[in-house]
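Chain naming follows the written order as A, B, C and D, and within any one chain the residues start at number 1.
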Amino acid sequence: MLGNSFGRLFRVTACGESYGDALVAIIDGCPAGLEISDAEVQTELDARRPGTSPLDSPRQETDQVHIFAGVRDGFTTGAPLGLIIYNVDRHDIHVKQYHDVKDLIRPGHAEYAHMIKYGKFADWCGAGRGSGRETCMRVAAGAVAKKILAGKGIEVLGHVAECMGIKAKKMDFAGIKAHYRKNLINCADEEAAEKMIERVLEIKEEGDTAGGVVEVIATGVPPGLGEPVFDKLNATLAHALLSIGAVRGVEFGAGFAVANMKGSECNDIPYVDDDGKVRFQTNNAGGIEGGVSNGEDIVVRLAVKPTSTISIDQQTVNMADMKDQKLAAITRRDPTITARLLAVAEAMIRLTLLDHLMMWRGYDAVQDIEHPWS
Amino acid sequence: MLGNSFGRLFRVTACGESYGDALVAIIDGCPAGLEISDAEVQTELDARRPGTSPLDSPRQETDQVHIFAGVRDGFTTGAPLGLIIYNVDRHDIHVKQYHDVKDLIRPGHAEYAHMIKYGKFADWCGAGRGSGRETCMRVAAGAVAKKILAGKGIEVLGHVAECMGIKAKKMDFAGIKAHYRKNLINCADEEAAEKMIERVLEIKEEGDTAGGVVEVIATGVPPGLGEPVFDKLNATLAHALLSIGAVRGVEFGAGFAVANMKGSECNDIPYVDDDGKVRFQTNNAGGIEGGVSNGEDIVVRLAVKPTSTISIDQQTVNMADMKDQKLAAITRRDPTITARLLAVAEAMIRLTLLDHLMMWRGYDAVQDIEHPWS
Amino acid sequence: MLGNSFGRLFRVTACGESYGDALVAIIDGCPAGLEISDAEVQTELDARRPGTSPLDSPRQETDQVHIFAGVRDGFTTGAPLGLIIYNVDRHDIHVKQYHDVKDLIRPGHAEYAHMIKYGKFADWCGAGRGSGRETCMRVAAGAVAKKILAGKGIEVLGHVAECMGIKAKKMDFAGIKAHYRKNLINCADEEAAEKMIERVLEIKEEGDTAGGVVEVIATGVPPGLGEPVFDKLNATLAHALLSIGAVRGVEFGAGFAVANMKGSECNDIPYVDDDGKVRFQTNNAGGIEGGVSNGEDIVVRLAVKPTSTISIDQQTVNMADMKDQKLAAITRRDPTITARLLAVAEAMIRLTLLDHLMMWRGYDAVQDIEHPWS
Amino acid sequence: MLGNSFGRLFRVTACGESYGDALVAIIDGCPAGLEISDAEVQTELDARRPGTSPLDSPRQETDQVHIFAGVRDGFTTGAPLGLIIYNVDRHDIHVKQYHDVKDLIRPGHAEYAHMIKYGKFADWCGAGRGSGRETCMRVAAGAVAKKILAGKGIEVLGHVAECMGIKAKKMDFAGIKAHYRKNLINCADEEAAEKMIERVLEIKEEGDTAGGVVEVIATGVPPGLGEPVFDKLNATLAHALLSIGAVRGVEFGAGFAVANMKGSECNDIPYVDDDGKVRFQTNNAGGIEGGVSNGEDIVVRLAVKPTSTISIDQQTVNMADMKDQKLAAITRRDPTITARLLAVAEAMIRLTLLDHLMMWRGYDAVQDIEHPWS
C-alpha cells in the first residue's frame, strides 16, 4: 500500500488500523514556535469521536491523543510532530465476530478489493486500514493546521446541508458559525436538523443507514492560493475530500448546477467594495477561479453515502468457497456517518489550505515583486 | 507557479501558454519498447482541436504534435518522451485585443487571481498558462497512456451526458462506444444530442454559452487498483479531473444521489457469475469501494461550467484605476466547451489509471504472494 | 523541518528526538505477505545499540522495537508498518546537564544552525532531532528492507575499512561476510582491527574521539538498477549515506583515485564468463556505470568524522550573551561512532536499493519487452 | 526511465538525447517578476560548450538556448519556464559510426546497463539519454537559479583543484573568483593550471584521457539552510553532484581526511567576530553541520573520472553474439571533461541551494517566530 502521506510541505503521514494497537500520525513541515497541547488536539478529536450520540456507532473509543515528538515546553521545536492514539475498544468478542465472517465480502466495503489486492494477507479485522477509524489521525493533524491557519485569519467550518431528502436552507459562514454543532446531526439550520434527526432515527429503527451532504466553508482565504494547472486549489481539495472513505462526490460553488447555466448567469461579476477591494457579486465559483482562490469564501459540498454496515441480512459471496451466502445483520454501526464526517472534512480542507499556503510562500519568498494591484 | 507535473511513476510535466511559442510535455516513466508515432498522438489531439464545429471557438490551431525525444526507430527507448506543439494562430490582432483589456478582470476567468498572485508580471495575453490551451498537452500525454492501457485491456471512453436541462438516457460502456463521437456535442444518445445541439446553438445566438455534464467510463480495470488511504483511486481521479479548468464538480457511481439513499439501497451486492468471478448486482459505487477498484466499470461524471468568455457586455473592474468598467462582448469563443473537454477528461483518467497501475505493480513485484482468492 | 521521509515507493517516514518519549517510523509501500517479527528487526537494532562496548557511548538504550501496525498473524497486511522505540535512558541528571549548557554552541554539532533556524524553540536537549539517536529508526526500517532484498538475492554488508591511519587490507564481499562483526571495531581484517581498537582506546584515554572509513558492499544486485539522469543509483545512495549525521564524504569503486587515473586504466573491460554472462575484469566503477548497476558488486566508502562530543574543554560561544565561553569536558560520549554507524549505512543502502527496485519494476511491468540481450 | 526531475519547489524536468532533435528543460516554481533573457542563460551554457579548447571534444554544438515559455516582455510571469536547445552537430557520419558499434559494450559507458534495462530498444546513438549531453539543460536551468540566488547574496564558483597528480594550492572563494576561468583547465592556481594542461595534452597524445577533482565554494549562504534528517543540505548536494555522469565521489570540508582526525582537531570552534556575528575558526565541516548550513562557506569537492571514450583499441563484448571483440579507437572525444564539468557542478549546487531556500521559506512563512539569537 502506498498513499499514507498527504501534503507536500505540511505533510501528514499516518499508520494504524481499526483493530491494531495504535494509530500514529507524523507531521512534517510544522514550523517551530507554535504553542500546541494534547488538549487542543483532543478538542477536535472529540468532535469526531463515536459512541456519544444515538446517530453514531456505539463503539467506545476515547481517542485520547498524545503528542510524543516535536514539542518541548509546550511549543513546537521544528522537529516533526508525532501523535499517537491507542485503540482501546477492541475486545475479543468483536474480533471474533470479524473472524467469523472473514471470508465473506461485506457489501459496500473495501474488503473485496483488499482481498484481491493483498490476497489472504489482507487484514480481516474491522476492515484494517480500510476502516474509517484511520480518519482520527486526519482530525488530529488538522487540529494543528487549524491553529496555524487561525494565525493567518483563515477559518474553516461546515455543517450537514442535506440528509435523506431534507435540505437545510442556504447558509453563509456567519450563519454556520452561529449555529455550529448545536445538534446531533450537526446541521446549522435547526429546523431542518430536527427533521433530519427524526428521519435518521426512523431509518435506524429499520436497521438501515442514511446518506447526506456535508457543506464546508473556508473564510479569510487570501486571493492567489492554489496552483493554476495540475495542482489547482479545487483539484487538491477534491483529492483531500474524496480520500475520505464514504465520499462519492464533491462540488464547488454552484457545482453540478452549472450544467444548466448560461455563461451570463454563471460568471461572477467583480466590483470594488467600500474598502476599495475587489469583491464578486455572486459566488458561483465557490471562491476559486482557474484553480486559484479569488478572495471570496470557498464553498464545497460532499456527498456522503449511507454507512455500509447495516442491521439487515444481506446476500453476499464467501471467498473461501466462492459460493453465495447470507451475511447476518450487524448491530454495532453508525446510523449515519455524515455528522461525524464533518470533522474529517474540515480537517482535510485545513491541511490542504495550509500546505498550499506554505508552497506559495516558499517560491514567492525568493523574489521581490512589485504588486501594483495588490 | 508549481503544479505543472502530474503523476508519480508515469509523470507528465508540461509548460507553454495560450499565446507563447509552443507547448511542451515531458513524460517520465514511459517503459521502453512501446511503438508510438506522431500520428497516433495526433488522432487524440484532433478530437480536442478547436475550430472544427459551430459549437467550438473559431481559433485555428492545427495542434500538430511532434515527439522530439524518447523515441528511436518508432519505439520508445526508455528515455523521457518530449512532445511539442507550436502555437500558430496568434496573430497581432488578437494579441492587441488582449492587450487592450489587460487591466480588466474578465468575469469567470482566472485572471484576477493571477493578477494578485503574480502582480503586474502576470501574463495578460490569452490567460497565459491559465488558458484551456494547456490541455492539449494533457491530451497528447494521454494518447501515450491510452496505448499502454490498451495492452492491458483497459479502455476509457465518455460522452456528454447532460447539457442545459437535456439529459441523455443512461448508457453503459458498450453503448457509448457504439455511438462514440457521432455528433457535434459528443453525446452517445443521438436523440438527446440533437436537442442539445439545437439548444446550444440558440444560446450561441444570444451571445451566451452553455454548461454540461461529461460522463466517462473505464472498463477492464482489474480489481485492486488504487491506494486505500490518501491516494484512493477516486481521490486521484477527482484531482485529475478538477484540475481541468472548467470543471466544478465530480461524482462517482450514484454520486450525489447517495445523500438520499439508505444503506440497503446503496450497497452493491456481490454474486458469483457464470465464469466463477465475483461481480456486483448494481454499481452505485462506480467501480470503486474504499478507494480501490472492484472490477466493475468505473463511472465518473463531471460538471462543466459554461465558457466564461461571452459575446455580451459585462460589468467588471479595471485593476489599473480600481474603477468599475464595462467589458465589451467577445466574439471569438466556444459556445460550449463540454464537447471538447471530453477528450481532456478521458486523457486525465487514462494518465491516472496508468500511474496507479505502475505504482501497484512496483511495490507488488518484490514479494511473491499466494493469492488464494484471486 | 522537512525531510523526515526517505524513498518514493518503499518510503520511510520517521519522528522522535534524542530525549523525547519515543521514536517512530512509518513504512509505506511494504508489500503484503512478508513474514516479519519484532525479533527480526531487533537483531539489526542490537548491532547499532550503544552501551555495549568500550568504544561506544555508555548511554543505556535497550532500543526495544515493537511493530504496532501493518502486521497481522505475523505477516504484513499491505498496510503501512508502524514501528516504535521508547527512549528509556533519559534521566533528570542528563536532561539537567543539557539544560545547563543550552545556550552554548557545542562545537561540531548541529545546534548553532538549529538555533538560527528554529530560534529559541530549537530543542536544547540532547540535540533533539539532530541527534544520531534518530538513526535507530533507519536501522529498524532497513531490517524490513533487508528481508525483502534477501528474497531477491541481494545482500548488503560492510565493515570499518580505515581508522586513524590504519587501513584494512582490500576485502571482497565474501571476505567481509566471513569476518563480519567479529570485533569491537567491526573491521573484517582482524589484524587491522586489533590495531584500530588499540588506537581508539588510546585516543579515548586522551578524552578525544576518532574518525574512520566505512566500506559497504552490495552483492547480487541485478544489472539495470538506477535511473540514468537525476536519480542515478550512486546519486541516491550518496543522498542516503550523507544523510547520516557524521558522514563527510562518499565514494564509489575507485572513488577519489580516479582523479589521477587515465581512461585506459579506469575503464572496466567487459568479458563473457563461463556461464555466458557479461562480467567486468575490474570494478573501478564500483558496480555502477552511468548511474545504473552493471551486475558487479556495488562498493561504496564513507568518511566518518570523529564524534564531536569530547571529554576535553573547548572554547565556544554563549548565544544568550554572545560572549566567548568555555564548554567543559563531557564524559558520556562515543570514542568512535564509526563501528556503530556501519549498521546505519547498511540500512540506508538497503532502503535505497529496494526503493529503486520497486520503481523499476513498476514502470517496467506495464510493457512486455523482448530483451534479446538479457 | 524515471528521475528526469530535480528539486521540490524549484523543480527542473528535462528530456532529450545526445543525437535527438532537441533538449528541453521545464522549470517549475520560478517566481514571477524575474528579469531573464536567452542571452543570460547562454553565457552559462557557453562555459560548458564543447569544441572550444584542445582539452574538449571537437563536437561542434553551439548550444543556442531559447526560452519559449514562462517569460513575457523580458520578465518571468510565474508560469513554468520552457527552455530548448536544438542539436545541430549530428551528421550522418557520426550516426553511422554509432550504428556500426551498436551491439558492442563501450567500456566505462552506461550502455551495457541500458541494454539490460531497456533491451534492444535502448538508444544506440551517442549513448542517448545516458550521454553527458543532457547536462546542458542542467546548466541552462542553473543559470536561472544563479540569478535568483544573486539577489539573495549567494554566489557559487569553483575550479579544477586537482588533475593527474597535480594539486592546486588551497584557495578560498575570493581567490577562485579572482582567477576564475582564466585558463583552459579552469584551475584558479595558474601555476598548477599550466602543469595540468601540459599533462593532459601529453595524455591526449597517447590517445588517453585524464581524471580530476573539481572544487566548488558557495558563499553568502545564510545559516539554517538544509533539513536536519534525510534531506540534509550535504545529502541533497551529494545527490545533485553524483547525478552528473562522471562523478565518482563527493566530500565536504575536510572530507575523507576526517578518517584520520581526532574530535579536538575536527571540531570547528565558534567565536564572535568584530561584527558580533558567530563565525568558526576553521571550516572542517565545509559550512554544513548536522546537515544544516552554519554560515561559513560551503566547500565541496568531486572526483571526476577520466572520459571513457579513448583513442586506443579496447577489448569488449559484442552483445549480439556474446563474443569477445575489439572496439576500435575513437578520435572524437574529450581529453578531459573535468574542466567542462565545472559548469555543471556549479549549476547543480545552485539548483539545490535555491530549492532548499524556497522550502525553508515556505514552511517558515506561516509562523511568526521570535529569534532572540538571530
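The definition used in the following text is that contacts are C-beta pairs under 8 Å (C-beta built on N, C-alpha and C of every residue); 3 or more make two chains touch, one makes a residue touch a chain.
Quantities reported herein were computed from a predicted structural model and do not represent experimental measurements.
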Most widely separated chain from chain A, with each centre as the mean of CA atoms: D
A-B or A-C, whichever has more C-beta pairs in contact: A-B
Interface sides of chain B and chain C: same vs different residues, half threshold: same
Centre-to-centre distance between chain C and chain A (centres being mean Cα positions), rounded to whole Å: 38
Averaged-CA centre spacing for the pair chain C and chain B, given as whole angstrom: 45
Approximate Å spacing (C-alpha centroids) for the pair chain A, chain B: 25
Set of chain C residues in contact with two or more other chains: 1-5, 9, 14, 29-30, 32-33, 79, 114, 117-119, 121, 129, 228, 359-360, 363, 369-370
Chain D partner contacts - residues on chain B that touch it in the complex: 1-5, 9, 11, 13-17, 20-24, 26, 28-30, 32-33, 66, 68-70, 72, 75-82, 84, 114, 117-119, 121-125, 128-129
Residue numbers on chain B that touch chain C, as the complex places them: 8-10, 29-34, 79, 148, 151-152, 228, 354, 357-370
Chain D contact footprint on chain C (complex, rising order): 1-6, 14, 105, 107-121, 127, 129-130, 134, 162-165, 203, 206, 208-213, 222-224, 226-232, 234-243, 245, 248-272, 276, 278, 284-286, 289-295, 303-310, 312, 314-317, 319, 322-324, 359-360, 363, 369-374
